[in-house]
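Next up: the structures, one after another.
Each of the next two complexes has chain A plus one more chain, namely chain B in the first and chain C in the second.
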Partner chain A sequence: MADILTLDGLTKAYPGVVANDAVSFGIAEGSTHALLGENGAGKSTLVKMIYGLVRPDAGTMRLAGAPHAPHSPKEARAAGVGMVFQHFSLFDALDVAENITLGMDTPPPRSELAQRIREVSRAYGLPLEPARIVGTLSAGERQRVEIVRCLLQSPRLLIMDEPTSVLTPQEVRLLFDTLEKLSDEGTAILYISHKLEEIRALCDHATILRGGRVVATCTPADHSAAELAEMMVGARLTAPARIARDPGDAVLTLDGVALPATHAFGTALHDVSLTLRAGEVMGIGGVAGNGQDELLAVIAGERRAAAGRVTLAGRDITRDGPDARRRAGLLTAPEERLGHAAAPAMSLTENALLTAHERKGLARHGFIRWRATRDFARAVIAAFDVRTPGPGQAAQALSGGNLQKFVIGREILQAPVVLAVNQPTWGVDASAAAAIRQALLDLASDGAGVIVISQDLDELTEVSDTFAALNAGRLSAPRPMRGLTMEEIGLMLGGVRGEAA
Partner chain B sequence: MIALERRAAPSRAWLWGAPLLAVALTMIAGGLMFAALGKDPVAAIRTIFWDPLFDPQFAAYSRPQLLVKAGPLVLIATGLALGFRAGVWNIGAEGQYIVGALCGAGAGLALYPMEAWFIFPLMVLAGALGGWAWAMIPAILKTRFNTNEILVSLLLVYVAESLLASAAVGVLRNPEGGGFPGSRNLSQWASSANPELIAGTGAHWGVVAALIAVILAYVVLNRHLTGFHIKLAGQAPRAARFAGVNPARLVLFCFGTAGLLAGLAGVFEVTGPAGQIGIDFNVGYGFTAIIVAFLGRLDPLGILLAGLLMALTYIGGELASFMLGIPVAAIQAFQGMLLFFLLAVDVLTNFRIRVGRRDIA
Partner chain C sequence: MDLSVISPTLLVASLMVASTPLLLAALGELVVEKAGVLNLGVEGMMIVGAIGGFAIAVETGSPVAGFVAAAVAGAALASVFGVLTQFLLANQVATGLATTLFGLGISSLMGQSYSGIRPPATPRLDLGPLGDLPFVGRVVFGHDWVVYFSLLLTFAVWWFLNRSRAGLTLRAVGENHAAAHALGIKVVAIRMAAIAFGGACAGLGGAYLSLVRVPQWTEGMTSGAGWIALAIVVFASWRAGRVLLGAYLFGGVTVLQLNLQAAGVALPVEYLSMSPYLITIAVLVLMSARRRGAAAAPASLGQSFHASQ
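Right after this comes the complex of A and B.
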């Protein structure tokens, strides 16, 4: 079939970095085309150029035979390009139809729009009620709003950026059905994902970017996921390994912990109980917004439980703040790297002080020992291969993966009794992610208890001994990871309690 | 097209270059304004910035005034800067300054006419506590009821001014003053006087206190966890909570420190340069100190320099209006320009200007 979109020599440079260097490839009509690459490989710059958000420095694009050089997303949409972003741009307080209206250049009257939303959602198997308030929708339903918004404009090319990162396995299947239906009708799909198994199952072609250049094109189904990963990284990857070890005594217990929601669309925790043993890695899965941040906050001591008990190695720490918990050996790393785990404008030295002054003795009578702090920051940088000119660098100057390695390393080098992390490899490239997972496993092998909260099920199956699911602020009973099928995990994520599954 | 591009890290050079550029721009824009008013701009600028210190005719009077005016500004601004660093907006230092003066003066006058060594220290203590207590009102309201500290602290300035007026004609009025409003002259009562310590410099105990405050604030901000937590809370509130900073305690600390220092400034002023509690005792040091704090980039050493600069524009401004007949409003506009340009060029610390094609990235 003819190419709907051809890219020819697209180049885009930013100060200090060439994001895209003479990228050329074509996307066939009705095909599902994967765009693969590590973070920083240039995928987002490329799709931003196609969608009119960024103008190329050089090179041309042709869409359905005609030159395609959009100055704005509006022009791109008019030419037939739709895009579903990884982060949704929806207003919680408005309903589905209102949100869709806001994204349209010429919205039809509401009654007509509601009718068309129903038609499209029925035709493509995307159940959606136009009058529902978006704040009450799940992540999967929100994504449907974004997809329907695009489909209403009948695009010829649909760009999907990491669409499955927030979905349960069941929702992923539903999405794939929709995408297959679309491509049967002749809509081309440009699909960006880190999940290689998905790409193997879904995509007809793949273009692999590394350092802004096209390094390979292939048919994903002909290669194993490991081979695809090696093409992306340009090096061999080894799966994390660990020395098996019998779990020891309980180090952290949560007993009936409850936490009220802080705002209208926040999540409350209800009756959360778990027991974590020394040497155990507990994976906690769940779709975003089901209480992950809240669970980490109540473990960290950033928020105090409204009911229930938290104990660390037998000691009641329910009323303790973050500092007291750190002193006792309970360390955490929240999801948001910039602004939560680290202060963006502060140096790595200052960010090392942020959580480590208690356990590493970096302050005496409150007076900061800057030299010791700097040495500790250097130690983290060295031990975790953080790529940075030095500890004086501001946290915001580091790439996501490097900062994440620093944040995780900062906690691990403090020899925690328990380490709880939320989304430890979110937006981190494959080699950094592998290093972080390996470090977490090593920590557990050395006898610490580790909690990994993540939306990436592949990650959880890789590192966890036990698995529990978080759904609407409730935690399922943890079950041994070995032997759990994807089916069972999906049911647990969907809210069916572990015992019943 | 001219575009602003965020720097990866704040520029060190501009951190200090920006205030200098702001002063230069103020001189240019101010000069244009003076010229438009029909005054010689060069003479006006020289009268404001040079004559108070070096003119043989005026320097003898003006030079000591520099420290007299800079003292309370630096003392108050140092306290405010701690809060501003933490994102705690105490706009009511003027009120804390007034209440500090009232409490200090009240404590002393209660013992009049006794002569004792402990009276002055007692007054200083009472003034500090008064300023502290006045600052605790917005702080506690904020931590308890989440009220807006900007509004509460600002409105309490007007309450304090009313207290001042009522005290000047009521409880603190000089019984031997022939019915005129105003208290006894504290600078002429040996036990309460806060005299010039070194003749011809204008340095009184308030100036000494300001220097000590600057040094302590410098140590706290750069060497102590408290200062680290203050900066953290201002830059990244969520990271601060993650680090174990208690936001309520921080609000109390910042307001308390600022109130204490403003109260001290008040008591040193009422026992020294002002001499007595009067209806017009406060002249806006508490508000000007906000400008000084920002002009000094919320850094204690910067505040020291900014306080001196600000005092200079005050003295020079008075001189210019007296010598050249420049309207007081124009002098105030000139001082306003200084803050305006400082905030305007501030953007260069975090952004660089790029001239060229624009991208939506």
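Right after this comes the complex of A and C.
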């Protein structure tokens, strides 16, 4: 079949880095084409050029035979390119219809638009209520808003950037049905994802980028996920392994913990109970915004439970603050690397001090022991292969993966009794993610209790011994990971405690 | 104490006059903040409008020319703030404070030769027989055009923000500038326009003080009105209707306490003088406490935007 979009020698350089270096490939009409690559491989720069957000330095694009050189997203949309963003393209305080209007160039009047939204959402199996405020929607519903926004303009090429990373398995299936329907109708789809199994199931072709260049083009179904990953990374990968170990005594228990929501779009925790044993890795899954941040905050002591009890190795720590909990051996690493886990403008040495001063004795009589602190930061950098010129570097100068290795390593080297982490490998490339998971497993093998809160189910199946799901601030009863099917996990994520989703 | 000297007719009529400068400045700042920009320079833009409008009105003899000049002067100072914060990505809080200080300084420089002069009068609008109605005639139909303009502007701002496509785009920029940029909306251009509008409104408010309310030029004559306007926007949860309410409440209590002072109420003058501030804030806090007020703040308020993000 004819190509709807052809890229020829696209090049884009930013100061100090060539994001795309002579990228050429074609997307056939009605096909689903995967774009694969690690973070920083140049995927987002490439789609931004197609969508008119960035202008190429060299090279040409042709869309349906005509030259395609959009100066703005508006021109790209007019030419028939639609894009569903992974982050930051919806407005929380506005309603569904308003959000959709904003992405259209000639929006119809509101009543007519509401009608058309209902029509399109029915035709493609994407239920949506036009008057709902977007801030109150689930991640899956938010994505539907974005998709409907694109579909109302009848695009010939639909770009999907990491569409499934925040969806439950059931929502993923719904999305795939929609995408298959679209490609049957002749819409080409450019699909960006790091979930290789999905790409193997969904996509007809794949183009793999590494360091801004096309390194391979293939049919994903012909290769295993591991082979695809190795093409992306350009090196062999080993799956994390661990030494099996019988779980020991309970080290952390939460008993009926409740926490009110702090802001309008926040989530309250209701009656959360769990028991974590020494040597156990508990995976807590859930779609973003179901109470993950709140759960970590109540474990860390950043916020005190409004009801219920938290005990660490038999001691009641419900009313203890973060420092007291750290001293007792309960360490945490929150999701947001810059601004929560690390202070962006401060050096790695200073950041090491911030969480390790209690357990490592880095401050004495109110004075900082700089030499010891620097040594500790160096130890983290060495032990976790953090690529940085040295401990004097500011946290914000590190790439996401390197900073994440530092943040997790900083806690692990303090020999925690319990370590709780939220989204430990979010936005981290494959090799760094593997290193972080391995470190968490090693920690558990050494007898610590580990809680991994994550939206990445592949990650949770890989590391967890037990699995629990967070839904609307409630935690399901933990179940052994071994033997759980994706179907059961999906039901746990969607409607807790065996209720139908 | 003799409360009978307080005439309800005059009280309500002067309430509207006292509230108009606040209303104008607060409406302007409302639009600016809805676009995601925090301009703390309202006080400075008001006073530059006050002296700019006063000087032109005196030189040309036309109060209308004065008001136009005030809007231009306010917008010009706001544009300086805009260039610094939107193009040079200066911190909005610090730049806003500097704008206020700069406005206070340059206005006293410009105003040196205008002290003690009376400006040309801004006449009441002649609405024919309507103005002769008892009570209502004086209270509702007995004002100058700026009062009506400010009420009309309240409605226009409400309509623009809540009903128009352009207003939706402006709110979108204030909610999430990165998303707006990704959709191809020109974030910086919209913010610059909003900032200029806010400056023009603050300038008009200032000119109303120097040309109608006082009417005279004195150094520092805005005496905190710009800060009150800022507070009204926040406590009104960024809604045009509540901005009107807040401005009239503050104006009303100000006029009432002046009347009470004149009537010799047995309360120390200091307490009466602070009452408008306390009552306005108390009422608006109570109103915004009922719903979660913080959620009404534009999510990108005060954050710098650069397309490279």
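What to note about this one:
Simple rule for what comes next: the second predicted complex is superposed on the first by the 496 of 501 C-alpha atoms of A that agree within 3 Å, B and C clash if a C-alpha of one lies under 4 Å from a C-alpha of the other, contacts with A are read in each partner's own complex, and residues count from 1 in each chain.
By our rule, a contact is a pair of C-beta atoms (placed from the backbone, for glycine too) under 8 Å apart; a residue touches a chain by one contact, two chains touch by 3 or more.
Here the structure is a predicted model, which is why all the values come from computation and not from measurement.
Of the two partner chains, chain C is the only one touched by A:K74; chain B is not.
Number of chain A residues touched is higher for B, counting chain B against chain C. Contacts of A:P334 after superposition on the shared chain: chain B is touched, whereas chain C is not.
Contacts of A:A343 after superposition: chain B is touched, whereas chain C is not reached. In the superposition on chain A, contact of A:A397 is made with chain B only, not with chain C.
Of the two partner chains, neither chain B nor chain C is touched by A:A225. Once the two complexes are overlaid on the shared chain, A:P322 sits against chain B while remaining clear of chain C.
Of the two partner chains placed by the overlay, only chain C lies in contact with A:L94; chain B stays clear of it. By the touch criterion defined above, A:L53 lies against chain B and chain C together after alignment on the C-alpha atoms of chain A. Within chain A, the residues touching chain B in one complex and chain C in the other are 53, 72.
The touching residues of chain B, when paired with chain A in their complex, are 5, 8-10, 223-226, 228, 231-232, 235-236, 238-244, 246, 359-361. Remark: chain C residues 165, 168-169, 171-172, 175-176, 178-185, 292, 294-295, 298-299 touch chain A in the complex. Put simply, chain A touches chain B in their complex at residues 14-15, 48, 53-55, 72, 300-302, 321-323, 326, 332, 334, 336, 339-346, 350, 353-355, 357, 363, 366-368, 370, 393-394, 396-397. Remark: chain A residues 52-53, 72-74, 77, 85, 88-94, 98, 101-103, 107, 263-265 touch chain C in the complex.
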